[in-house]
Amino acid sequence: MSQIAFLGAIEVGLLFALVALGVYLSFRVLQFPDLTVDGSFPLGAAVCASMIVAGADPYLASLVAALAGAGAGMVTAWLNVRLKILHLLASILTMIALYSINLRIMGRPNVALLGEKTVFTPLEALNMPSYVALPIALAILVLGVKLSLDWFLNSEVGLAMRATGVNPRMARAQGIHTDRYILGGMALSNALVAFAGALFAQSQGAADVTLGVGVIVVGLAAVIGGEALINTRAVWRATFACIIGSIVYRLAVAGALNADLLGLQAQDLNLITAVLVTLAMVLPGVRIPFRKKGSTS
Amino acid sequence: MNTMRLGIAALAAAVSLNVSGLAWAADKHVAVTQIVEHPALDAVRKGVKDVLAEAGLTEGNGLKWSFESAQGNAATAAQIAKKFAGDAPDVIVAIATPSAQTVVATTSTIPVVFSAVTDPVGAKLVADAMHPGANVTGVTDMTPIAAHMALVKRIVPNATRLGVISNPGEANSVSLVSLIEVEAPKLGMSVVVAAATKSGDVLAAARSLVGKVDAIYIPTDNTVVSAFEAVVKVGNEASIPVLAGDTDSVKRGAVAAAGFDYYDVGRQTGKMVMKILDGANPGDMPVEGVAKSDLFVNLSAAKAQGVTLSGDLIAEAKEVIQ
Amino acid sequence: MIEARQLAVTFNAGTPMQTPAMRGIDLVIPEGDFVTVIGSNGAGKSTFLNALAGELRPDSGSILIDNQDVTAWPTAKRAGLVARVFQDPLGGSCANLTIEENLALAYARGKRRGFGASVSAAMREEFRAHISRLNLGLENRLGDSMELLSGGQRQAVSLLMSALRPMKILLLDEHTAALDPKTAAFVLELTREIVAERNLTTLMVTHSMRQALDIGNRTVMLHEGRVVLDVRDHDRDGLKVEDLLHMFEKVRGSELDDDALLLS
């Protein structure tokens, strides 16, 4: 594998680590299977790209993209807590609606960002090639997001959110208004995913309406894969596992692309993903001799 | 953290950092990235490969040929772009807009030839189609809409309303519809657009045009073309002439089409690749539109849809389907 | 003071499975009372508890806590006034969270939650002090996950949790029913201690008539959604299970024929 391919895997892995963290929040913390992400990822890309092309500041555009994602998450949550629609179905409804909404926002199916000013443009002034600068910048960003999330989940509000997912009836008995926490948690989750979409569009040169296909699968592969590799008892370990899972997944993809001896091609990617996720779910059974169950750290 | 497990993961990563198969220094390396596998895009790829073969470059004989399809996934397309950037081939051929965009975002030094991209300037692959100036050039498959509208008018001279079915989610199709809305009125035809977001919606879209249009034109839209038979059914039932932007559709029931073959687009792309392999600079090579155009007609379709084709027209045709 | 006025609710109204679970329950619980509630299956005990806690909206009637009408308040809003220990040891705590995190959740009951650390060093010390009185050796295992504890240990911790913050009423929903006799006795004794220490107004639902008479100062019997017996203090002292049964027959004109209730 060339250095560019390796660093490229790290780069895409870090971008999707944000998606993994978002999926972790909905899927694991809130116990809310959320397919909205297939719509909020391209939503973030659409909002950000449209704003940049219209002349807005890229940082502002990325922030607004995150807010748009938060809105999408809240719609799904609202459908679930207010209208009592099953969470999975509610998320599918929002995802479907977002396809049309994203098209409307962009005005066309593809908005190109090549040559536009993006959040990554300042990196070009540095004395290193972009394929090195980008992963480093993303690593710093993802670390910052992770630490913020750790702090949040360990705060009173964060603990209440975790309780909402684990045992909503008990949570309500402790005075937690679970509806509000679901709305807030879903907003945060999809804000992260939309933000990732905005960054992805800026680094890859375009926002395309088809960006969302398969995002939930990749997010879950990262979360579940990370859990297979790392004991996730404490919150900081769980978020770390999301990041590691995402990067390892991308490295595996890059490995498959570059392993000419195996004869694997990108076309085999779906099969590889399925094998990886299956391994990740089977491995916990194999792990037991190495892991002391229940202790923290 | 479990060191042993992480160690195994690291080992696996190291194993994958293998050295790829030996290649002679003299071999030319052409790397092809395609967004999704699809008859038209595959034909482009074949065209490129055939032109190289005719010049004496085949796999194992002076040519290293890499091909990866992203299976419709943008993140995969990104990783393919990075792999190719790291492999440093002599030319990267990027088939379709999303694959081309991510390649251009990844490398500014390796020569890139795009193909089957409808709007290279709109996609910001090149700033100026006549003088690209950087490392990127290619062949655009933009349909010569003006010529197609002229063909519609020639076959259905009294048409004043033209129906078009398109998937608003396909970039190419959207650009074509905009062009149609500019060119058709010049020939005295107003345009009615029916949308179909997936192939299952095409029949309903076609039916919605009955009574509202004098002719139907189907642009090179992957979604609608894949369900072309549905449009033909409606055209036959309601006696509305159906024309297409691609020639394959004629044998499926369109009256006529003046189209190009994606294989020819591929060949044209292959010729650009050869020039670059021989040392030309992509920045000096203007973006090319499709050079060859063929007329196809279908006589039984004409009968079913209530159209009489003139003798001149039939004589001009490259292929006449009974 | 807790007041229940004419509480009534019917489940599955209008269907063949229609069940009037409460048919007009009137009960006044002055501050400091420790009321035990008994009744056969379907008498409405759990339904009554759920109504008091806010999990159930009665069809008619009202609930007042210190003269404030809380009938329409959802559980979360009422949580500052009502503490509860569930019957199912799993249901009353968060299995995936640690002991101290569970305690922290209860510690914030009724308070506005902010962004400060959920478990501070000071809180941890306080938790340690509380939990060591249980003599279960849990004071050094605060970081352990709740799911590692046995059912009895969990109920004991749940009891502690309920008593961490002030409340107007403590609801105990057959909280020893799922435990073995020895552990049940331990938890019951702990209940007695905690209630006595803080003079908590308590409502305890139990399936055992014996237990109902032994603990607390007042016993209420529900039958078919209504209060049929209500004995307190001196009237209750010295009563035996047979006496309760006779009183029941007199009021209802029929025999009580719930074996489980009679034999436990």
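Note that the chains take the letters A, B and C in the order they are written out, and that residue 1 is the start of every chain.
The definition used in the following text is that a contact is a pair of C-beta atoms (placed from the backbone, for glycine too) under 8 Å apart; a residue touches a chain by one contact, two chains touch by 3 or more.
Given the structure is predicted, the values throughout are model-derived calculations rather than measurements.
Q: Could you tell me the least number of steps, going only between chains that touch, from chain A to chain C?
A: Graph distance in the chain contact network comes out at 1.
Q: Among the chains, which one keeps its Cα centre farthest from the Cα centre of chain B?
A: Ranked by distance of C-alpha centres from chain B, the top chain is C.
Q: By Cα centroids, which chain is closest to the centre of the whole protein?
A: A
Q: Where the centres are mean C-alpha positions, what is the separation of chain A from chain C, in Å?
A: 43
Q: Using mean C-alpha positions as chain centres, tell me how far chain A is from chain B in Å, no decimals.
A: Taking the mean C-alpha position of each chain, the two centres sit 32 Å apart.
Q: What is the distance in Å between the mean C-alpha positions of chain B and chain C?
A: Inter-chain centre distance comes to 71 Å.
Q: In the complex formed with chain C, which residues of chain A make contact?
A: 152, 154-160, 162-163, 166-167, 169-178, 233, 294-296
Q: For the complex, give me every residue of chain A touching chain B.
A: 1-9, 11-12, 16, 99, 103, 108-110, 112-116, 131, 200, 203-206, 208-211, 213-214, 218, 229-231, 237, 248, 250-261, 265-267, 269-270, 287, 290-291
Q: Using the touch definition from the top, list the residues of chain B that touch chain A in their complex.
A: Touching chain A: residues 1-2, 4-6, 9, 12-13, 15-18, 20-21, 37, 67-83, 85-88, 97-98, 101-102, 104-106, 122-125, 127, 168-171, 174-175, 197 of chain B.
Q: For chain C, which residues count as touching chain A in their complex?
A: Answer in residue numbers: 53, 55, 74-77, 79-80, 83-84, 86, 91-98, 101, 104-106, 108-111, 113-119, 143-145, 147-148.
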